[in-house]
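We just call them A, B, C and D in the order they show up, numbering each chain from 1.
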Amino acid sequence: MTPDDFMTVAAARALRDGVTLFVGIGLPSTAANLARRTHAPNMVLIYESGCIGSKPSTLPLSIGDGELAVTADSVVSVPEIFNYWLQPGRIEVGFLGAAQIDRYANINTTVIGGDYDKPKVRLPGAGGAPEIASLCGEVIVIVRQNARTFREKVDFVTSVGYGSGPGSREKLGLPGRGPIKVITDLGVLEPDPETCELTMTQLHEGVDIEQAREATGWELKVADELATTDPPSDEELAALRDLLDTQKAAAA
Amino acid sequence: MAELLSLQEAVASVVHDGDSVAFEGFTHLIPFAAAHEVMRQRRRDLTVIRLTPDVIFDQLIGAGCVRKLVFSWGGNPGVGSLHRFRDAVENDWPAPLELEEHSHAGMANRFAAGASNLPFAVLRGYTGTDLPERTPSIKPIECPFTGEKLTAVSALNPDVGVIHAQRADREGNVQLWGIVGVQKETVLASTRSLVTVEEIVDELEPLPGAIVLPHWTVTCVAVAPRGAHPSYAQGYYDRDNEAYRAWDPIARDREKFQQWLDEEIYGEAGRSPAGYARQDAESSNQNAGLEAPRR
Amino acid sequence: MAELLSLQEAVASVVHDGDSVAFEGFTHLIPFAAAHEVMRQRRRDLTVIRLTPDVIFDQLIGAGCVRKLVFSWGGNPGVGSLHRFRDAVENDWPAPLELEEHSHAGMANRFAAGASNLPFAVLRGYTGTDLPERTPSIKPIECPFTGEKLTAVSALNPDVGVIHAQRADREGNVQLWGIVGVQKETVLASTRSLVTVEEIVDELEPLPGAIVLPHWTVTCVAVAPRGAHPSYAQGYYDRDNEAYRAWDPIARDREKFQQWLDEEIYGEAGRSPAGYARQDAESSNQNAGLEAPRR
Amino acid sequence: MTPDDFMTVAAARALRDGVTLFVGIGLPSTAANLARRTHAPNMVLIYESGCIGSKPSTLPLSIGDGELAVTADSVVSVPEIFNYWLQPGRIEVGFLGAAQIDRYANINTTVIGGDYDKPKVRLPGAGGAPEIASLCGEVIVIVRQNARTFREKVDFVTSVGYGSGPGSREKLGLPGRGPIKVITDLGVLEPDPETCELTMTQLHEGVDIEQAREATGWELKVADELATTDPPSDEELAALRDLLDTQKAAAA
């Protein structure tokens, strides 16, 4: 069992059955499909490629795999998925990854180091993330926790979490609630209800808080009562293995 | 009426040095064959436009066709970085690359505005991010009824729109289905358009989820079987995920990339009808059938 | 998930006195049965919204349900005037009628803006006409990039959106095809929605040109066979052009209209499942079949 | 042979084969379908109901008859037909009717007499006309010519022709060329190339210019060389009868 397994299972558990979910590719997709195969069979998966209500039997490699279209309730154009579906706040949960994240859950997926025109590392960029972050009912972020990703200040704000703290989202007029959970390979962080600062509220089994502190580029706040993630159950692990096998099988 | 041309004639006719060219297809129906022909004809100074640059733009950028990139997400989906894109941005190799960077929502709206002959579109987007500071085609706008602040993006009206579709009839009416992305908008927003298709048929039988672009909206149609490979054409062949993974080591290394270019694009292989597709033809599922959406 | 209710329960649950209610369906799939139930439940002070008021609003206006009309073309298509509409505007009978008047392009964009949760939409429209002077929901707007002057219209977000569709499944997913008008936009723009359908089926088989509204976007679904008569439901029955012609003499005369109302809506006939439809059921083509578009 | 037959046939003749045509209902629809059955089989008929490339075998009573959808190349939503198809000027010819028309071909289909709030006659209103008039490549108007319809000043400008004369369309920024022909039951009027004023250029057989003058609410300009409409040919009349029969048959 790897830290990534913990992360994926914890993310899957964070999804309630029946919710409408905007799914990005990679770990969010794995977690969403795991949830659908375990406790949340009625979750509605929505992809930026225009697929609404996809029920993939294999784990897609991209957000536009054919499997997502042929199993969808409806396939709409890309302008429509953003304008008619994401923009009005119809989608309850958005699932995002990050290359860098700060204490207010602002996310960078654009550039690292140097300046914008001549960065040290050019990342893929925004994709659907800025609007997912601002317009979904709430957001769950999945990101590995280490000194490169958890930064005092992100090099570029691609997607807004809580901006510069309390009141920022309201001032910007962002309708969604923002990131309610950041799920990592070490545990789970949640925004403090008053300061909006990400606070470690849960550690995966076998992780101690010092590890989390070292993996965080700012002075990490820790909840008074720190929970421990229940380890993935046999059922969850089996479902996860099955799911990953479907991707391998589809690739073969 | 759309002209039916060979891919070589079609590219020579509609794509010129210095043009702005949108190549669309959201994961599905990416017009690889047309891009390869553009590379083969050594077009230069292009402004290339696409929501998801993908491997197709990694190749165009690496081949030195591109001066400027207009985009919203530049990765190899499910695999990682686009190394030729990164090499151009980070190291100016083979040439400096100007960027105009948006989000998907913004790019989709820019195409829709272009298709509608409006100079801009309005959305709830970009607010609080660092993008508007870097991108002059994003500006604030106020609702004349409520005073609410929203975001405007300027329209996209490329010189050329290039897409791949499943099929066309002999008049040049084009039919595509599955994930349709912003392909209709791309053709309608562009001054000229080139549609590559899997095949020409006598009649376009209606299919669930299919859209039709009438022949009088299309400049030319060229047959390019497997012309979307390694992406896919629903009903014809599946996405070649392995080819996307195989691209990573080629693109990581300038020399390997150059070799790929010489062999697969400029060389003998590139002159075979399916070009780059050839080597992987056997691994794909030729029996995908004309699948209708199922629920 | 959409609730499956009887038409009576559905109207009682979602349509209240004083509500703004859009009844959509562009010539095709006009929700007559739902409007008749609104009349039967004697709803009052409604703001009714529709691009083409048609016979359906002539009836609602004549029955005294309506305080205000938001519209773009108020005629009996191919026949002539809507006499109840004219009587209300010209003679305040049965009550004065407030108008908010647009063009089709403007109304369609207002619904699209409403569905997109934008406070307004931008179009090239109304320029030089006398409409902006009469309609406060039309204003000029300037492109922030080019300075060009365009027209803004405010969004429509009705309290209730009512449409008729061919069918739904047991979860309340709704499927419609043929001319789809602004029905999707109407449901997505409205706070609550009511969809009447020809039938409930176990599974929504995909069909060419069909769109699906997922159950979580619909408030309630009610079965109303022939619920679009005298308009039509593609694949179920044809437009009853004769009934449109027959409406003209009924609507011309206040007494004949009142008699129609008493008999067909409030009376015994109105309580039969298809209401107004009943009398013409035999004249329509029941064998229209599930026609796919043909070219 | 009625004056309306003359009008319908003259309107049909005004349509070139292969053009894209935005068709309204009533006489414009009859004329367009007549043209398609005679000299213009490749004309592309586009209806505001979203039907593109309809090939109706019967004459539709409304712009949304099922026949228009099932014979179309493509059926799109109403927002799309206006935004993606009409607005960019993709449609070469627009075909409009009128309740009132003035010397600059401005059209009223809104109210007659009284004032807007309490008119003597409430007409249907705008429909697609204002944008058809401003955005199609060119416009053809079909209207019966008499003292009620041909007015010195229209009671309400629903759709703009040449506004207040030369330069008006340019000043308003209307991209289309405007009405190039007004076809009536008496003849054909065309805008003067310099003054934009509607000028009688053609009379149907059997109509004299005095009749046209009396039927016009302003001092009618007449072209130096006044042409005479060739009477409907046997072939045209037969096609027209056939077409009208299809509507009766469909209604039966």
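Everything below uses one rule, namely that contacts are C-beta pairs under 8 Å (C-beta built on N, C-alpha and C of every residue); 3 or more make two chains touch, one makes a residue touch a chain.
For clarity, every value in this text was computed on a predicted model and none was experimentally measured.
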Contact-connected components, chain C excluded, all else fixed in place: one piece
Maximum centroid distance from chain A, chain identifier (CA atoms): D
Between A-C and A-B, the pair joined by more C-beta contacts: A-B
Inter-chain centre distance, chain A versus chain B - centres from mean C-alpha coordinates, in Å: 27
Gap in Å, rounded to a whole number, between the CA centres of chain D and chain A: 57
Inter-centroid spacing, chain C versus chain A (mean Cα positions, whole Å): 41
Touching two or more other chains - residues of chain D: 73, 83, 87
Chain C, residues touching no fewer than two other chains: 112, 117-118, 123-124, 148, 184-185, 209, 292-295
Chain contact graph, described as a line, ring, star, complete graph or other shape: other
Chain pairs that touch, as defined at the top of this document: A-B, A-C, B-C, B-D, C-D
List of chain A residues in touch with chain B within their complex: 25-26, 48-51, 55, 60-66, 68-73, 75, 77-79, 82-83, 86-87, 110, 116, 118-122, 124-131, 134-135, 156-160, 163, 168, 172-175, 250-251
Touching residues (chain side chain A, partner chain C) in the complex: 20, 44, 52-53, 73-74, 83-84, 87-90
Complex interface listing, chain B residues touching chain D: 112, 115-118, 173, 184-185, 188, 211-214, 216-217
Chain A-touching residues of chain B, taken from the complex the two chains share: 26-28, 51-52, 71-75, 77-79, 81-82, 85-86, 89-90, 101-105, 108-109, 111-112, 123-131, 134, 148-149, 178-182, 184-185, 209, 232, 234, 238-239, 241-242, 244-245, 288, 291-295
Residue ranges of chain B touching chain C (in the complex, touch as defined): 117-124, 137, 139-141, 143-146, 148, 150, 152, 154, 203-204, 206-210, 292-295
